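Heads up, the next two complexes both have subunit A, just with different partners, subunit B and then subunit C.
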Partner chain A sequence: MSRQASGLRAWVLQRISAAYIGLYIIYATGHFIINPPQSHADWKAWVADPLVAFALSLFFALLLVHAWVGIRDVLIDYVKPIMARVALLTLFGLGFLGCGLWAAKVIFLAAMPS
Partner chain B sequence: MKFSIFRFNPDTDTTPRMQEYEVEVSRGMMLRDALMEIKRQDESFSFRHSCGEGVCGSDGVNANGRNVLGCITQVADLKEPIVVRPMPGRPVIRDLVVDMSQFYQQYRAVKPYLIRKDSLPEQEILQSPEQRDKLDGLYECIMCGCCSTSCPSFWWNPDKFHGPQALLQAWRFLADSRDQATDERLDALEGPYKLFRCHTIMNCVDVCPKNLNPTKAIGHIKELMLKHAI
Partner chain C sequence: MMTKNRPVFLDLTQLSFPIPAIMSVGHRASGILMVLAIPFLVYMLDLSLSGAEGFATAQSVFSGWFAKLLMFVLLWALLHHLLAGIRYLLIDFDIFVDKEMGTLSAKAVMVAAPILALFIEVLL
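For the complex of A and B:
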């Protein structure tokens, strides 16, 4: 097992996630301009479409991966004391995990038949 | 013309200071000439220089906030007063003379020489013109250090990040058709520090006095690494 954090894998994940995030934001912005949901029920119906629910879930998952690589880079660059770095990485990791679970909950509840 | 020069003598000073000098500028005068004139006025002033024509890479300094080679930078192109400091991020030995040990260590770490596994032929190893063309824009580096000392990633991690100069040379040997250690070279660059601290800030490209492009070379290394990984 490698004793060091990943270099290539993190870089590739950052690039792939950036491409998907960029494309998804263009799609979502276009959708909300051309066909904005008129009510909460409309929005729920849109999210309930399995393809939309999957694309939205993937968007949040990749957004968090992208944010993790980014914040890891910032902390590796600027935070030298090892304990402070580990504490901050843990804090951000848990924060991102919480955000991910929250997003999953919102999508899951919206996709559930009411 | 007014010059404000960074001065620090470790034997007598506790903190660095900026000292003003007045230099009479002649037509076509280079920054190195002006520094030599300052040296004539004040012989306690120290700076490195040698060939005077942009070949040896000794007289890298920071003039008005930008790393330049003194010998090929026209004084007339700089805004007055000209503020000259040592190259940033390096320990100052005295005045404009900095300790470049870490810079050379990073260069050494990329094994900047051809590695052959086959037995060496009696004659030279031939390259096609196309193979030779791949080394253009790479081999011209004079190791002045302008790029690496203007790179924020190198400022923060000079002991772990190779820096643009060493990575340009890493690609110079990866791109060489005569080299046979591609996998070993790529393996040595893995991890978050040596190569991947580069965030494409591109200060290196901006300041290189030879107009080389370390950021592009770093991109090529990442692409090659990816090709070998999948």
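For the complex of A and C:
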């Protein structure tokens, strides 16, 4: 991932993901202020809507891409010893991958007809 | 490759930090803070969707004063990051590039982020 997310490509990825994340958070915040989920069934039905499930999955995917590009920049700027840098990049990379799979599982299970 | 012996000056006590620099540090710090909050966000999504009991637990997590304070800090971080990010995007499009507008827009980000965070916290 690190080689694919460097230079101009990282710059573009960071801006495209930022635009989607920003717009999605504004939309979701507005939605929850106007129409907060009243019950578990209510909340699950909202997430299970195919359009919401897709938009939410895309949100998590782009959030993790954005977080990866950002944390990669910070670690390369401040962590100079190469072993410590590789260790931290690996830790965050695996952590983000785990969070992505976890979120995908949660959304998939909620969207499954039960 | 960059040359290895270029001059580097990183004495934080000697460097000056004008408002745009403080705003920029805030953009990074808020990003790191939110990265650390991602596992918690996924955990809350999992908990709230796990069943009626989990949904109630997830709701009750936000009721204590400490949780409300934490929520405010995270909202502040989010809004600072979002507003500073929009400012950077505008600078990419050659807007707010001169010194006066750069300082003014950085001040606007610094002031607007905590106010908007408080406003949204009250509404949510």
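By our rule, the second predicted complex is superposed on the first by the 109 of 114 C-alpha atoms of A that agree within 3 Å, B and C clash if a C-alpha of one lies under 4 Å from a C-alpha of the other, contacts with A are read in each partner's own complex, and residues count from 1 in each chain.
Everything below uses one rule, namely that contacts are C-beta pairs under 8 Å (C-beta built on N, C-alpha and C of every residue); 3 or more make two chains touch, one makes a residue touch a chain.
Please read these numbers as outputs of a predicted model, since none were measured by experiment.
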item: More subunit A residues in contact [subunit B versus subunit C]; value: C
item: Touching partner for A:A18 - first (subunit B), second (subunit C), both, neither; value: second
item: Contacts of A:A110 with subunit B and subunit C, given as first, second, both or neither; value: second
item: Partner chain(s) touched by A:I76 [first = subunit B, second = subunit C, both, neither]; value: first
item: First (subunit B), second (subunit C), both or neither touched by A:F96; value: second
item: Partner chain(s) touched by A:I33 [first = subunit B, second = subunit C, both, neither]; value: second
item: Sites on subunit A touched by subunit B in the complex; value: 2, 4-8, 10-12, 72-73, 76-78
item: Subunit C partner contacts - residues on subunit A that touch it in the complex; value: 15, 18, 22, 25, 29, 32-33, 36, 39-41, 43-44, 47, 60, 63-64, 67, 70-71, 74, 92, 95-96, 99, 102-103, 106-107, 109-110
item: In the complex with subunit A, residue positions of subunit B that touch it; value: 153, 156-157, 189-197, 199, 222, 225-226, 229
item: Touching residues on subunit C, where the partner in the complex is subunit A; value: 28, 31-32, 34-35, 38-39, 42, 45-46, 48-49, 51-52, 54-56, 78, 82, 85-86, 89, 92, 120, 123-124
